[in-house]
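After the structure tokens below, expect a handful of questions from me.
Order of writing sets the labels: A, B, C and D. Residues in every chain begin at 1.
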Amino acid sequence: MADKKKKNLPPDAQEYQTFHDKREVKRPILKNCIKAFLVGGFICFIGQLITTFYIYFFNFTEQTAGSPTVATLIFITMLLTGFGVYDRIGQFAGAGTAVPVTGFGNAVISSAIEYRTEGFILGVGSNMLKLAGPVIVYGVFSAFVIALIKTILIQWGGL
Amino acid sequence: MPVKRWLLIASMIAVIAGCNTDDSVLEPAGSPNNDIELMKISKDHQLDQHISNQAKDSMRKYAEVTAAKAVNTDKKMLMAVEVKHNERFNLANIKKQLKKEMEEQFPHITVEFSTDKKIILELDRLEKEIQKDIAYSPKKLEKELDKLISLSKEQT
Amino acid sequence: MLTGHQTWTFANKPVIISTGTVGGPFEAKGNIANDFDLLHEDMWLEQDSFEKSQQTLMEEACQIAVKKTSIEKEDVQFFISGDLINQITPTSFAAKTMGLPYLGLFSACATSTESLALAAAIINANGADYILSGTSSHNAAAEKQFRYPTEYGGQKPPTAQWTVTGAGCALVAKEGKGPVITSATIGKIVDMGMTDPFNMGGAMAPAAVDTIETHFKETNLDPSHYDLIITGDLGHIGRETSLDLLNKRGLVIPEDKYVDCGLTIYRESQPVLAGASGPACSAIVTFGHFLNRMKKGELKRILVVATGSLHSPLSVQQKDPIPCIAHAVSIESGSDIA
Amino acid sequence: MIFFWAFVIGGIICVIGQIMFDVFKLNPGQTLTILVIAGAVLDGLGLYEPLIDFAGAGVTVPITSFGNQLVHGAMQEAEKHGLIGVVTGMFEVTSAGISAAIIFGVIGAILFKPKG
């Protein structure tokens, strides 16, 4: 990837990039992965606790308890984001807090809070999906394509 | 870049698909499984629960089943089973197989089958209530059962 | 006054008669908190937005710089400044409050030396008696503009830098007491095809090297002329890379004489990853910390090389490389100072 | 048991995300988008439901579950109305995560100021 990009550059730039790459502080991938595993796993564990709570104490089944669980987690995220804690955890955990729905919630909520200085309609309203928008757009679009293919296969392929 | 991305996705699918050994549905074990958590309603009870009792008993042949609950009226039965955790990958197939088996065993009534934790909990509660209350009215049972069946069918 | 292609030497020796430095709460916990004229406890400065608080920072720095002298605000002829928020509006609003003739600059984190060099050039050519030059930045405003919302929990790589909240301002005069500006080298855009906006130090290092090299070539000096060569905000990676690159090209600068504002302002224990950045970084550290040391007599001659990466969120998204620049200003202690 | 697997499987999905961050140098937006698409593809292949049965919140909490839910919604409509159902179904699909994020986003904007 990096090599292909480099080929189109003038020689001095290529030389500099090689020179620089030796001095760049590398991302601690293993450490980051362990942290992501622990924090991400912990969030899912909390999610399972909440799911179990809803199954035992409310009228939710395993099938239906997912939605209130997600909503509860995002509510917690709102509090953590609003009190300025989530970004600290995020710097530590990386994908561990970004990949669970709490990360999606944080992307929406942090944008919403950030843009309130520009007003509620044009600021909060139009910017709150700035970070999370692609997830919705391509989630919906890919789901559409997949459902389409599957339906065609079922109808004509007798799958 | 795009090539790498697709490779990544493909490898993810491969890894997860690898864990999925499909169609290995349950096989009857040699000896009866006596560890199943099940409770039979007394034969003397004014509500006839012998179908449920029979259904629960027939789960004993599977070593993977850990709990079986069932309640019936004279027209329908709701049954729920719990399987060992490492069998849960095949939960959908297990459910299909057992449901078919129950339908074949009791062709004259409608069989609803579930593997949901909530249904297991609710059936357990219902079984205990019936057991305790000799005068449990069939109408109330009918109502309770319908409620649970619709709950088990909820999707989202 | 022009020496070589890109260097001005100032025969009339413009003087920095006073400076004003203002910092935020994070800077107050830093290494050089004592060198600030004013520190704020609150990121918002009781304003409605981060952009407005940046404007307030700039206004306060200017007011402090003027108040320290015997002149009045009305005696100042020009205000030369800039920042890196959308169309440099915080600076422009500050200029409105100041009510001074205003030249707005955009040179990102190199604005401090660019404004200082221009102020010195105008004064040297008798274009003015007093000029206020300086710049400001605000951590949250810059995050919002260039990266993610401040509360977003994205993980920053170890190459990322922390934007300074603060403003630094220097009042340059034709005559008076204080450090004098002897020369300035205006840099060229250097683009080495670096594209990672989370690694600005690495992108800006060649620009700093280019300007430093040109400065020594055109002024016929060698690094031993200066007590310190101060880069703007290269951070750990940029500082190391540029120093190695300078040595490789035969310009040997001892390790301890080559310091970086981005590594001076905060303590090692503060979570700033590769170091500090932002226009205010070089302005505050130079006008506050290093000029104070010069006044104490610890330093005689310094070369300040502020570096700026002139990308925008748009150019990064469109996969353009980061264009970088560096301007150097040489400051010497005045003759009437011990 | 389900708690253990929720932790492990959820953690592994996060590690995949971290690798996309650090090794492939993708930004969070790209990473999450790819994960959502991966979730949709997995559900299309019929692999997501068994994972939910096995790991519970370990796969319903990560963002991949959005893809799963969206495909599920579309397929439900498709079963009722055939091919047209896919199109109309897409517009009827609501994911709890999206609506919760929007609702709490607005509430958050009313209640909080960014801390900086």
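Keep this in mind: contacts are C-beta pairs under 8 Å (C-beta built on N, C-alpha and C of every residue); 3 or more make two chains touch, one makes a residue touch a chain.
Small disclaimer: the values here were computed from a predicted structure and weren't measured.
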- Message: Going by the touch criterion at the top, tell me which pair is linked by more C-beta contacts: A-C or A-B.
- Response: A-C
- Centre-to-centre distance between subunit B and subunit A (centres being mean Cα positions), rounded to whole Å: 35
- Message: Centroid of subunit B to centroid of subunit C, CA atoms only: how many Å?
- Response: 71
- Query: What is the distance, in whole Å, between the centres of subunit A and subunit D, each centre taken as the mean of its C-alpha atoms?
  - Reply: 9
- Would you give the residues of subunit D that are in contact with at least 2 other chains, written as numbers and ranges? 2, 16, 20-22, 24-25, 28, 37, 41, 69, 73, 113-116
- Message: Counting only residues that touch at least two other chains, what does the list for subunit B look like?
- Response: 4, 155-156
- Among subunit A residues, those touching two or more other chains are 1, 27, 32, 62, 67, 81-82, 84, 94-95, 98, 103, 107, 109-111, 113-115, 131
- Query: Pairs of chains that touch, anyone?
  - Reply: A-B, A-C, A-D, B-D, C-D
- In their complex, what parts of subunit C are in touch with subunit A? 48-51, 144, 148-159, 191-195, 199, 202, 205-206, 236-237, 240-241, 244-245, 271, 274
- Query: Which positions of subunit C touch subunit D when the two form their complex?
  - Reply: 43-44, 50, 139-140, 149-151, 154-155, 157, 196
- Message: Under the stated contact criterion, what part of subunit A meets subunit B in this complex?
- Response: 1, 55-56, 59-65, 67
- Message: For a test of understanding, state which residues of subunit A touch subunit C in their complex under the given definition.
- Response: 5-6, 9-10, 12-14, 16-17, 19-20, 23-28, 32, 81-82, 84, 86-95, 97-98, 103, 106-107, 109-111, 113-115, 117, 131
- In the complex formed with subunit B, which residues of subunit D make contact? 1-2, 5, 16, 20, 24, 34, 37-38, 41-42, 45, 47, 49-51, 53-54, 69, 72-73, 76
